[in-house]
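Structure, as structure tokens:
Chain lettering (A, B, C and D) follows the sequence in which the chains are written, and residue indices restart at 1 in each chain.
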Amino acid sequence: MSGPPLHRQLGLTDDELERIREILGRDPNRTELAMYSVMWSEHCSYKSSRVHLGRLPSAGPQVVLGPGENAGVVDIGDGLGVVVRIESHNHPSFVEPYQGAATGVGGILRDILTMGARPIASFDSLRFGLPVAQPGRSDPDGDDTGTAKQRWLVHGVVSGISGYGNAVGVPTVGGEVVFDPTYAGNPLVNVMALGVMPLAHLQRATASGPGNAVLLVGASTGRDGIGGVSVLASAGFDEGEDEKRPSVQVGDPFEEKKLIEACLELFRSGLTVGAQDLGGAGLTCATSETAAGGAGGMDVTLDTVELREPGMEPFEILTSESQERMLVVVEPENVEAALGVCAKWEAPATIIGHVTGSGRLRVGRSGETVCDVPPESLAEGVSYERPMSRPDRITALASRDPHALLPRLGPGVVPGEVLRLMTSPNLSDATWIHRQYDHQLFLNTVVGPGRGDAAVLRVKDTRKAVAVALDGVGRYCRLDPHRGAALAVAEACRNVACVGAVPIAAVDCMNFGNPEKPEVMWEFSAAVDGLREACEELAVPIVGGNVSFYNETSGLDIDPTPVVGVVGLIDPLDGIPAGIGFDGYGDVVFVAGTTYDDLGGSEWAWWNHDVVCGSAPTIDWTAERAHNAFLVDVQKGGLARSVHDVSVGGVAAALCECAVAGSTGAEVELAAWAPDLTMEDALFSETSGRSVLSVPPGVAESVERLAETHGVPLHAVGVVGGDSVLGIPVSDLQEAVTPAW
Amino acid sequence: MTGLVAIPIIPGVNCEHDVAHAVRIAGGRSAFIHHTDRALPAETGAVYIPGGFAYGDYLRAGAIARFTPVVEAVARAAADGMPVLGVCNGFQVLCEAGLLPGALARNVGVRFLCQDVHVRLETAGTPASHRLKAGNVLRIPINHGEGCFTAPAEVLDLLETRNQILVRYCAADGTVDPADPVSNPNGSLRAIAGVTNPSGNVAGMMPHPERACEAILGSADGRPIVESLVHAAQSAPAPQSAGAGGR
Amino acid sequence: MATTPAKRITVTIRPKAGLRDPEGNAILHALAALGWEDVENVHVGKTVTFDVGADTDDAARAEAEAMCRKILANPVIEDYEIVVGDTGS
Amino acid sequence: MATTPAKRITVTIRPKAGLRDPEGNAILHALAALGWEDVENVHVGKTVTFDVGADTDDAARAEAEAMCRKILANPVIEDYEIVVGDTGS
């Protein structure tokens, strides 16, 4: 065949090929080359990000297992651990939104399962281009970026999450959805999952004990997701195999459900010594990682791998990303019992090899050795320190004051500006999404999607509950990736505090452009520093994460978008925490926190006036911590009727959301929470560390005292009641936030 | 001894732990019955077929599940008068198996719906409803994509005259309006949310009573239904042949 | 592998006439929203295709009929149609 | 109501060859368990039928093609086939 040499077509550089030759002391064969290419890919080896990720703070008294494992584990007391993990499925979801999102859910659940926990909840963080045109602008047409395509994507992704998550039997209890032109050619689909388990039952992803059997459990292996290495199929070794195969992975939630039940029973009956799910790089990854982490060697035969299609070559079997499979290591005397458990749950299982002390991963097919390599050379991958340079764009954006480009607002135009703001898809009601998700299964959901700023799940048989929120703020990161990343952590922690939980751990999903561009690498590094700063200041260790690079289309990179998931603990849970809706006529409305003139990157400046420049919003860590502690105490004391954080759209949007959620208006004195600022700053500034509360008059004084104790500025701004807020009928707001698409 | 609530587990079902939890807080005992079992335990006093996606809901919800040995055992027990309640996917299985009339078609809005609904109890005095009074309005969640109850008009008429309608979707004040997409979100004919067989011992409903048994989860309105079944299980005479299934 | 010749069966299953067709309706609306306003009578069905060993078309059809009655279709809400062809193999 | 004559279109949409078909697989197993063990190659697809105003069959087909590409099928994972006929009305 013509064109570049094979290793380059497989994405390996000349240097990398040389490294492989050194490791093996010979040329790699075709199968080995394929295995190295998938394991040394950015996705599997974190080769561009590894040197930076070490800066993330991952230690803490409650951290049982931090980054590097299939999932992070946090001790919540009573011998229980919360298992949590986040993943991106961006590229597959753009190609085929339903299956891309569905297999993303399937994959993250297996990560939780691998630790030995039943996944009991999942969360989705979604980003698309605009589903409707911005006011006064025309549809950004073009088949791939137009609004129709974006609507098709969002509907497809949501149905995929619903279709897979509901059927596999794991409730989707929260998430976020964001729309911005930056994602039009590259949507982001991040999914997070969580399990709760006795710490004593943690499973390890290692293959120890030479002689132990290696079982492959679950679905059969087909040519799914071998897109990257499929060039090998046409590399001239096999004539007539030129049929272009779709590399889309198709999920089967039924198969995964059976796999979950089978694995949980295997783990609980103590039949396994190790387990590893099959995700990216399939069998290659699972065998090399477990071997490298255990006794050091493994002999594998491909002859017993259950195949879905005839004529599969060894490299195809080894790199297939067929879903719903798990590798399990079992002592010889337990093999029969283990196979029995799999049969009981109708999860196919075969013995595909055994653990050795050879220090080699040897793979055979029909008596022939197709691979013989040191497993750690696959598992450890490569690591690069890529060049970085600060993008000029950031300097240019920072030097422009948004106030100079934005109108000054008199009180008369306020209702119109607010109503227009509320038509932004970023403020639209997500009920149409989470109504399609089973969010109640397992009877833990105390606060479900749409009811509060974070989901609250009780932990049965204890008095505890965990709260979870997911946030990302790409537009702030465009202005300043360091502060933007920090603001995402702050917002997620604040959301968790809003329902009364103390933040205890975080996971992060880093969605960035092409790391080979020094500007993107600089943004990445700055975002890591921002995460570190925030996590240290707020005392939330990062227990896991995921990096997704190459989020670019036609050379245009997305805004740097770290998405942060925070887990909080409520102990004890004494009832249902106050939600976000206004409810009690006569309740006092408070705005907590200090408002500065933060219109840089704000929703109002962008959606209403197409202005994005200046600095990302202010964070004051002392104030941030005080505000979170105040919210936790308010909820603990049952003092508020409603609590809602101020974020996208500022106080104006927060007040409208409280009114819509409770179908009740409020009499609010305009700008009473920031009398020294201009009207537009007061209403639409997105300063961190603020919230809107409504409090029965009888306890207003206690809340004021509590705020004082915590040093949180608290402004009484009005009274709940009536059918309008900020001069806008609640029914008009209801209509504005209901997506017409 | 009777009193056990048997919970058949067909692969793909997922509400079994929730049902067991609800049965426990309603004061009952339960046991999971594997789908390959050809008989129910001798002490079985009632059966609660849980929701989920048996066999992935492939082809049609309940279509493949109905042929499992455990469903055949439930059918034999039901013929002998055993109280049986199928919820959601369990309801779909009972319809597919011909133990209940009608079918559950795709929701009118096509989309899957997980939300609270109100239902009005139409027929009290059955094993699944004896703790309630006709006219009681309950707030209980639904969670399904195929819940639009459908049957030929003459069958619907018969269901009405024979008091085989267990619950109907309604507004919070109990008003039933089959044409109202808010109170009858899946478009069920005559707003039917649950039915029974002619003798009343077999019942099916789309809303999930086990999801509404504790105030902390938002509603305890489903609890009387679970309690009814638990009580029926405890007071049922030992069935003559339920335990002696098999062929 | 069947030694009898295999026939390819296509079963099309549709909501019974007179019943609502929510999926057809959804497609009708989606098409209209994209500007295809003159589309009417949209109906959605499901096809199940498979190969079955049978000597004659009639024998194959009879098998398929039995499968439809037993499991492939629900007579309360669905109609079905069977087409018998050759597998081409 | 369209004044141009209406054509009846039938679009059959099937998963591309080689793609995993969990539903087809489940049906295969169910049929085998019910005694139809000689059934093979089970695949599930979808048909969409509708009427569209068009002067010629070719015009109708072109419209249907556009609909398939835009909304009815995802060419990445699905193949489709269009049959144009008369509405009979």
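Throughout what follows, contacts are C-beta pairs under 8 Å (C-beta built on N, C-alpha and C of every residue); 3 or more make two chains touch, one makes a residue touch a chain.
Only a predicted model underlies this, so the values are computations on that prediction, with no experimental measurement involved.
The interface with the greater count of contacting C-beta pairs, when B-D is set against A-D, is A-D. Subunit A and subunit C have CA centres that are 40 Å apart.
Averaging C-alpha coordinates per chain places the centre of subunit A 36 Å away from that of subunit D. Centre-to-centre separation between subunit B and subunit C, using Cα means, comes to 30 Å. Residue positions of subunit B touching 2 or more other chains, listed in rising order: 55-56, 58-59, 63-64, 67. Annotation for subunit A: residues 148, 252, 254 touch two or more other chains.
Contact with two or more other chains is made by residues 22, 26-27, 30, 34, 70-71 of subunit D. The full set of touching chain pairs reads A-B, A-D, B-C, B-D, C-D. Looking at the complex, you find that subunit D touches subunit C at residues 2, 4, 6, 8, 12, 14, 24, 27-28, 30-31, 34, 36, 38-53, 63, 67, 70-72, 87.
Against subunit D, the residues of subunit A that register as touching in their complex are 95-96, 99, 148, 152, 222-224, 243, 245-246, 248-252, 254-255, 308-309, 322.
Touching subunit B in their complex are the following residues of subunit A: 162-163, 166-169, 252-254, 257-258, 261, 344-346, 434-443, 445-446, 458, 460, 573, 575-576.
Per the touch definition, subunit D reaches subunit B in the complex via residues 22-23, 26-27, 30, 33-34. Within the complex, the subunit B residues that touch subunit D are 55-56, 58-59, 63-64, 67.
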